[in-house]
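In the two complexes that follow, chain A is the common piece, with chain B as its partner first and chain C second.
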Partner chain A sequence: MAAPLTLLLIVAVTIRAVLFRSSLAELISARVEVVSPLNAWKRVVEGLALLDLGVSPYSGDVFHETPLMIYLFHFTVDYAEIVFIVSAYFFRKQKYALESDRYSADCLELLRSPKEMFYIPLKVAMFYLLNPFTILSCVAKSTCGLNNAIIALFIFCTLKGSALLSGILLALATYQSIYPLTLFAPALLFFLQRLYIPVNLRRSSFWFFTLQYAFMYVGSLVVITGLSFFLLGSWDFIPSVYGFIFSVPDLTPNIGLFWYFFAEMFEHFRLFFSCVFQFNVFFYTIPLSIKLKEHPVFLIFMQIAIISIFKSYPTVGDVALYMAFLPAWSHLYRFLRNIFLVSCVLLACSALFPVLWHLWIYAGSANSNFYYAITLLFNFGQVKVFTTTWLTNCEWKNRWRNKVSLFINLY
Partner chain B sequence: MGLLSDPNRRKALTGLLTRLNTPICIVCYLAGIVWFMGLAFEPFTLRTYMSENAMGSTMVEERFSSGERALSLAKEFDAHKRQARGMPVEWLVKAMQSRGLEVFTQSFSRKLPFPDENKERYMVRGTNVYGILRAPRAPRTEALVITAPCSPGNTNNQAVALLLALAQYFRNQIYWAKDIIFLVNEHDLIGTQAWLEGYHHTNITGMEYSPLQGRAGSIQAALSLELSSDVITSLDLVLEGLNGQLPNLDLANLFYAFCQKLGVLCTIQGKLQRNDWDTAEGYTHAAQTMMLMVLKQACGRSWGDHGLFLRYHIEAASVRGINSFRHYKTDATTIGRLLEGMVRKLNNLLERLHQSYFFYLLPSLSRFVSIGYYMPAFGLLAVILLLRVSFPGLCHCFSVSLQPSSPGVLTVLTPVVISHLTGVALYLLPVHLQEMAVEHFPVSETEAVVLTAIAIYTAGLALPHNTQRLLSGEGTEQGWKVLKLTALLYLAVLLGCTALINFSLGFILAVTLVPITASITPHMPKALYAVVMVLLSPAFTILYCVFIYQELIEAPVSVSEGWMLFLSVISQGILDHALYGSLVYPLLALFIYPCWLMFWNILFWN
Partner chain C sequence: MELREFINFPGLTFPGLKITLLKPDIFFKQWYSWYSKIHSSHLESPLEVFHNHVYRLGIPDSHIVLMLADDMACNYRNPKPATVFSHKNMELNVYGDDVEVDYRGYEVTVENFLRVLTGRLPPSTPRSKRLLSDDRSNILIYLTGHGGNGFLKFQDSEEISNMELADAFEQMWQKRRYNELLFIIDTCQGASMYERFYSPNLMALASSQVGEDSLSHQPDLGIGVHLMDKYTFYLLEFLEEVHPASQANMNDLFKVCPQSQCVSTPGHRTDLFQRDPGSVLITDFFGSVRKVEITKDTINLTSPVEPPIKRSGSSDIQIESLTYVDQLPVAEIIHQKPKQKDWHPPDGFILGLWTLILLVFFQTYGIKHLKHIF
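For the complex of A and B:
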C-alpha cells in the first residue's frame, strides 16, 4: 500500500509544482469558480499588507479571513505554495488514515470483499489528490484547501475516538467558516455510538456526554475567538468574517446560488431572503440526524455535501471535499442508477463555466442568465449525486436488513 | 424523473434505443446537413431590421461634399508615402493638425515567431498616427473610431485621404456627442493590435509599443475603411472578426440602410444580392454566400482591420470599396456621405449596441439567420454522439468500470495521456524547433515550421501500434469500449463548447468528425477504415475547406496550388495565434487532434 501511495503523492506534487510555475497560475487564481471573496489569495496578501502598515486588515471590506489565518500566513507568506501543497498532503494522509481505520471497526461492510476494502483508502486519496478541482484550488492558492484540511483532521480525530481533539478541531473549522457547526450533530452521534450510549432523551448518560462534548466544543470556540481578539486587539473580525458570510454583500458570480437572487431583489426583502437561504443550510441537520442516527459517518458526508452546495460562497474546492468521500461507499455502486448521466452533466457544466463566462464578460454576447443557468445545472447535478447516494444507502440498508433477518431466521 | 426511474419504461426506452440506434443516427446526420443547407432558402430567413431605437428615428441630410479634394489628397499622400518608403508620419501629423485634431503617434515593434511569407515581414516596426476630434459640447466619456490602414504600394491611398477629408468636415459640425478618433495604422492588423493594447492598457500578445499619449474615453463603435480607387462600383461589408466573433447585426443593418438611401450597391462576401430566391440559381447564390461566411468565420482570423476591436467589446465593421466592371459608378463624395451618415447615427447611441443579434449568418445583406435557427443543425449532429454514448453496451461498461478490480480505467488513461502529449508536441514543437530544422534541411523557416507540424501530425498516426505493446492485458473488449465512451463524451463536450463560441468551426468539425467517430470499432476492416479516418481528419478538413473556399470565390485552383495554399493557411494559423491570440490553432492542436488520435487508437485496438 505504501508504494502506490507514494507514487500517487509524487504525481500529485509534481502536477501542482508544474502548474505553480507555469503562466496558468495567474489565470487560475483569477477564475471565479475557484476562488471566492472569502478565500482568495489576493485578498490574503491585501490583508497582510494592511497588517504590516499597522491598519486593521478588515478596513476596506476586502479581507474576510479570520485573524488566525492572517497570522499563519504572516510567517509563511514566502512559502505559501509549500503550505498549500503540504496541506493537501496532510489532508490526504488524514483521509487515508481514517479510511483504513474505519473499516476494521465497522461491521456493516460484510457485503464487500476484503480486497476491495483494501483499495478504498488509495481510491479516496486518488479522488482527492488527482481531482482537477483540488489541483485548481491548490494552484490558485485558495485557503479552501486549508479549510478542507481542518475538516479532514476533525473527521480523523472523531473516528479515532478522541472527543477533546475532535471538539477543538470542529471549533477551529467553525471558526473558519460558520457552516461546519452542523457537523456537531454527527460527531456527537458517532461518539455516542462508540461509547454505547443509547440516543434516548430520557437517559442521563446521553445528556451527560452531550454536555461534555458541547462544553469542549464551545469552550475551544470561545478560546479561539478570544485569542483572535487579543491578536488583533479589536472585535472587527466578527462582522467582517461572520457578518460577511451571513449577509452576503459581495455578489461576484460564483458557482453558488446566492449571487443571482441577491442581485435582483429589492433592499426591503434582503433580510428575509438571507435568512431563508442561510436557514436552508442548517435546516437539514435535524431530519438527517434522526434518520441516520446509526450511520454517523454517512451523516458527516451528507452534511459536508449540503454545506458545499448551499453555502453562500462555494468554490470547486468545497465540491472536491465531499466528492473525495464517494469511494468510501463503493458498496453502493451497484445500486446507483443515474450516476452516469449525473456525472456527464457535472463534467459538461465544468467545461461550460469558462465558455459562458467568456461569452458574458469578454465577448458581451451572453449575459448573466446564461452563466446562472449553468450554475443551476451544476448544483442540480450535485443535488442529484447527493440524493442518489442517500437513496441507494436506504435501499442497501433495507436489503442488508432483509438478508440479516433471513440469516437469523435460518438459524 | 419518472421516465428514468420507472424500470418498465426505462427498459422500453433502452430497447428502442438499442434497436433503432444506427437508423436514428443516420437520420439525424442527414437532417442536420439538410437543415444547414436549408438555412439559405429565403422563406426560412428573416428580413433584417434596425433593433436599436436610438439609431432609427433620426432623419438626417448628409452634406459632405469634399470628395474631389479627398482624391487630390490621395495623390499627395501617395507621393509622400513613396518618398518616405513607408508611412509618411510627419505629413500625416501636419495634415491632421491643420484640420484641428489633437494628433498623437504610437510606435510599436514585434518580432514574428517565423517570417510571414504572404506579407513578407519578419521584424515589424511601425508607427500609428491618430487624431482625436473632441466633442464640442458633451462630456468626453465615449468615442467612435474611424480607421484606414496605410498599406504599401498603391492600395488604400483614397481611404486615408477620405479619412482626412471627413475629419475636416466633421470638425466644423456642432452635433458631435462623442469624441471621434481618426486612426491611420501601419502594418494593418499588427498596428491595430498595438493601438488597441495601448488604448486599453493590456498586453496579451507580447507586442512592444510606446504608451498612448492621448485618449478619448470608452470606444462605442469603430469603422474601418479600405478604398483603393477614385471611383467604385460597389461597397463590400466585412464582418468576420478574430475567433469568428461578429459585430452586432445592427451595424450591418445600418450599413445596408445607408446604401439603400444613397443608392450605392452593397455586397457581402463580394456577392450582390439576387431577387429570384425561388429559382435554383437564386438559392445556390444565397447558399454560396452563406458558406463563404461560414468558412471565413471558421478559420478564426480577422478578415479586416475591424476584427481586433471586437475582442474589446467594440462593435466594428470594415467597409471595402470594390471597383469592378459595372455600369454605375459611385464617387468619393457619396462614400463620404455614407460614412457621415453612419457616424452620425452611431453618435446618437445612448449605450453600446446590444439590441440586435450577436450570433447570425448572412445569406445576403437583407436577410439573416439567427442562432435560434442555425443551432439545431449543430444540435442534431451532437445528438448522434449522445445517442452513441447512451448505447446500452457502452453504458453498461461505465458502471462496470467503476469496480476497482477491472483494469478499465488504467488502460484508458494511457491512450488519453499519450494522445494529449502528442497534441502538446504538435502545439509547441513546430515553432521551437525551427532553427534545428533549418540547420539540417534546405528549407526556409516558414516551411520548416509548417512541415514540422505536418510531420508530427503524421507521426501521431503511428502511435497505436507502439503503445499497445507497452500495456499489459491489452486487446480486451472492455478496454476499447471504455475508451470509446470517454472519447465520445470528450468530443461532444469539446464540439459543444466550440460551437458556442464559434458556431462555424464547431459545425464544420462536427460534419467531418461525427460520422467516423460514432461508428468506429476495432472490428471494422482496418485498411478501408484507416483511409476513411485519415481523409476525414482535421488536417484534411482544412484542405477541403481551402478548395471549397477557392471554388466559392470563383478562383478555382489546381491540386498543387491548393496544396501550397494549404501550407500557407497552416502558417497563417500559427502566426495568428502568436500575433493576435486566435484560438483555432491551439484548439485543433491541443484538443481536437488528441481526440481524433483516441479514435485512431480504438481502430487499432487489437
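For the complex of A and C:
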C-alpha cells in the first residue's frame, strides 16, 4: 500500500513542480475559474506587502484572507509552492480512515469485496492528487488548497474518533470560510453513531454529547478569532473576510452562480437576494441530516458538494474536493445513471470556460451571457452528480434492505 | 583674461548676459524670469491682461508659455472676432497682435502641462513650447479656471490634482529647473491646490480657501459670459501700479483683494520659501529686471570656477560642484521617507498560538509520548 501511494505522490509532486517552473504558472494564476477574490495568491502577496508598509492589509478591497493565513505565509512567502504541495499531501491521510466505516457483511454484489476496498484509499488519493482541477489550483497557489487540506484533516480526525481535534479543525475550517459550519451536523451524527448514542431529542445523553461537542467547536472558534485579533490588533478582518463572503461585493465572473445575478440586480433588492442565495447553502443541512442520519460520511460528502456548488466564490479547487470522494462510494457505481451525460457535461464545460472567456473579454464577440450559460451548465452537471449519487445511495439502501430481509428470511 | 573670453565661456548658456560688477571674481548670472500661465476652461481671459503687465515689466514672449483651452477670439459667438476685452467698456483689446498662444484648444491637457513643467517633451517640440528654465530662473505660474478641493479642471474631461502638481514641482526642483517659483491660482477652493507642496522655494497665492468659491467680477451682457474673476481683477489693478523699479514686495501682494472686495478669502503659503516675503520684490517674478551697475574702475577678471564636466545628454542637467549643493539645506526641507521594515507578528501571539497547538497535541496523543521525544 505504501509503495503505490509513494509513487503516486512522487508523480503528483513532479507534475506540480514542472508546472510551477513553466510559464503556465502566471497564466493559470490569473484565470478566474481557478482563483477567486477570496483565495488568490496575488492578493495574499499584496496583503503582506501592505503589512510591510505599515498599513492594515484589510484596508481597501484587496485582501480577504484570515489573519492566521497572514501568519502562515509571512515567513513562507518565498516557499509558497512547497506549502501547497504539502497541503495536497495531507489529503491522502484521511482516506485510510474511510475503510473502517464500511459494512463488513459478505452480501454478494452489493458490496465491494475487501480486496477492492483495499484500493479505495489509493483511488481517492489518485482522484485528488491527479485531478487536473487540483493541479491547476495548486499551481495557481490559490489558498483553496489549504482550505481543502483543513477539511480533509477534519474528516480524518472525525473518522478517527477524536472529538476534540475534529472540533478544533472544524473551527479552523469555519474560520477560513464560513460554509464548513454546515459540516457540524454530520460530524456530530458520526460521533453519536460511534458512541452508540441514539439520536433522540428527548434523551439527555444526546444533548450531553451535543453540548460537549458544540462547546469544543465554539470554544476553539472563539480562541482562534481572539488569536487573529491579537495578531493584527484590530477587528477589521471580520468585515473584510466574513462580511465579504456574505455580502458578495466583488462581482468578478467565476464558476459560481452569484455574480451574474448580482451584477444586474438593483441595489434595493440586493440584501434580499444575498440572503436568499446564502440561505440556499445552509438550508439543505437539516433535511439531509434527518434523512441520512445513519450515513454521516455520505452526509459529509453531500454537504461538501452543496457548499462547493452554492458558495459565493467557488473555484475548481472546491469542486475537486468532493470529486475526490467519489471512489469511496464505488459500491454505487453499478447503479449510477447518466454517467456518460454528466461526465460529458463537466468535461465540455471545463473546456468551454476559457474559450468563452476569451471570446467575451478579448475577442468581444460574445458577452457575459455566454459565460454564465456555461457556468450554469457546469453547476447543473455538479448538481446532477450530486443527485445521481444521492439517488443511487437510496436505491442501494433499498436493495440492501431487501437483500438483508431476504437473507434473514432464508434463515 | 579678456572680457570677450569671459562672455564666450562654454559653461554659460544664456544669451545676452550682463555682468554685475559687485564682486569681480565671481560671476552673477542674470535672473531671467519665466512666466508660464494656463487658462484652462474659464470663459474669460484675464491672462491676456496679465500678458500685458508681464510684457510691460520686461519678460519677452519667448519666456512666456501661454496655454489657452478655449479660443475666445475666434469663437463664433464672439460678436467682435479676433478681439477679447477685459472690461465691459471694451476699451482695451487684450488679444492684440502680439499675443502668442503656445498651447491652444485640445493641446491644453494635464499631460502637456506637466511635461512643460518637468521638461519631459519629445525632442521635436519647438522651443516656444518648452520651459527653458534653469536653476537661476524665477518662474511665475498662473492658473485659472474651475476647480475644487484638491483639483483643477482641464477641458471638461480631466483634472490635475494637487499631489500631481506638488510632485511636478519636486521634479523641477530635483532637476534644478527653477530658483524660486510663485504659484497663483484663481479657482474655487484654490488654497487646496498648494496644500501639498513640499519642495523648497515655492510661494503660493490662491483666491479662495477650501470650502469657498471664487466669484467672477463682471458679466458681458452682450454675450452672456463673465469677463473676469474678482481676484484677478483686483490683482491686475494692483499690478497697474507696479513699474520695473518699484519696490513693492510680496506682503503687498498678499493684501490684494481682501474679503470685503472679493467675497472669498485669499490665501497664501510661504513656509517653503527661503527668503522673507517682505524682502521679495514683485518684479522678481512679474518682471525681468536686470540689475546693472555702472562703474568707471577697471576690474581684473581672474579665472572663474572650474568648468562643469560636459556629459553627453540634454543641457537641462546641471552638474554642480559640491559647494553649490550645500548652499541650500535641502534635507531639512524635504521630508525623508521612513525605511521599510518587514512586519513580524507580535510575540504574544506566537507564544499563545504555539502553546495552544502543543496543548492540543498532548491532549490527543497523551503525555506518554513525551518520553519518546526527549
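Following the convention adopted for this analysis, the second predicted complex is superposed on the first by the 395 of 411 C-alpha atoms of A that agree within 3 Å, B and C clash if a C-alpha of one lies under 4 Å from a C-alpha of the other, contacts with A are read in each partner's own complex, and residues count from 1 in each chain.
Convention: a residue touches a chain if its C-beta (ideal position, glycine included) is under 8 Å from a C-beta of that chain, and two chains touch if they have at least 3 such contacts.
Keep in mind it's a predicted model, so treat the numbers as computed, not measured.
Aligning the two structures on chain A places chain B and chain C next to each other without any clash. With both structures placed on the common chain, the touch criterion links A:330 to chain B but leaves chain C unconnected.
Look at A:356: by the touch rule set out above, it reaches chain B but stays clear of chain C. Taking the C-alpha centre of chain A as the apex, the lines running to the C-alpha centres of chain B and chain C meet at 60 degrees, rounded to a multiple of 10. In the superposed pair of complexes, A:162 makes contact with chain C only, with no contact to chain B. When the two structures are aligned on the shared chain, A:123 is found in touch with chain B, with no touch to chain C.
When the two complexes are overlaid on their common chain A, residue A:364 makes contact with chain B while staying clear of chain C. In the superposed model, A:344 makes contact with chain B only, not with chain C.
Judged by the number of chain A residues each one touches, B leads among chain B and chain C.
Closest CA pair between chain B and chain C after superposition: 6 Å apart.
Touching of chain A by both chain B and chain C, each in its own complex, is seen for no residue at all.
Chain A contributes residues 115-116, 119, 123, 330, 333, 336-341, 344, 347-348, 351-352, 355-356, 358-359, 362-365 to its touches with chain B in the complex.
Considering their complex, residues 48, 51-54, 70-71, 74, 162, 164-165, 168, 223, 227, 230-231, 233 of chain A touch chain C.
The part of chain B that touches chain A in the complex is made up of residues 1, 4-5, 245, 310-311, 313, 352, 354, 358-359, 389, 395, 398-399, 402-405, 489, 492-494, 496-497, 500-501. Chain C contributes residues 340-346, 348-349, 352-353, 356, 360, 363-364 to its touches with chain A in the complex.
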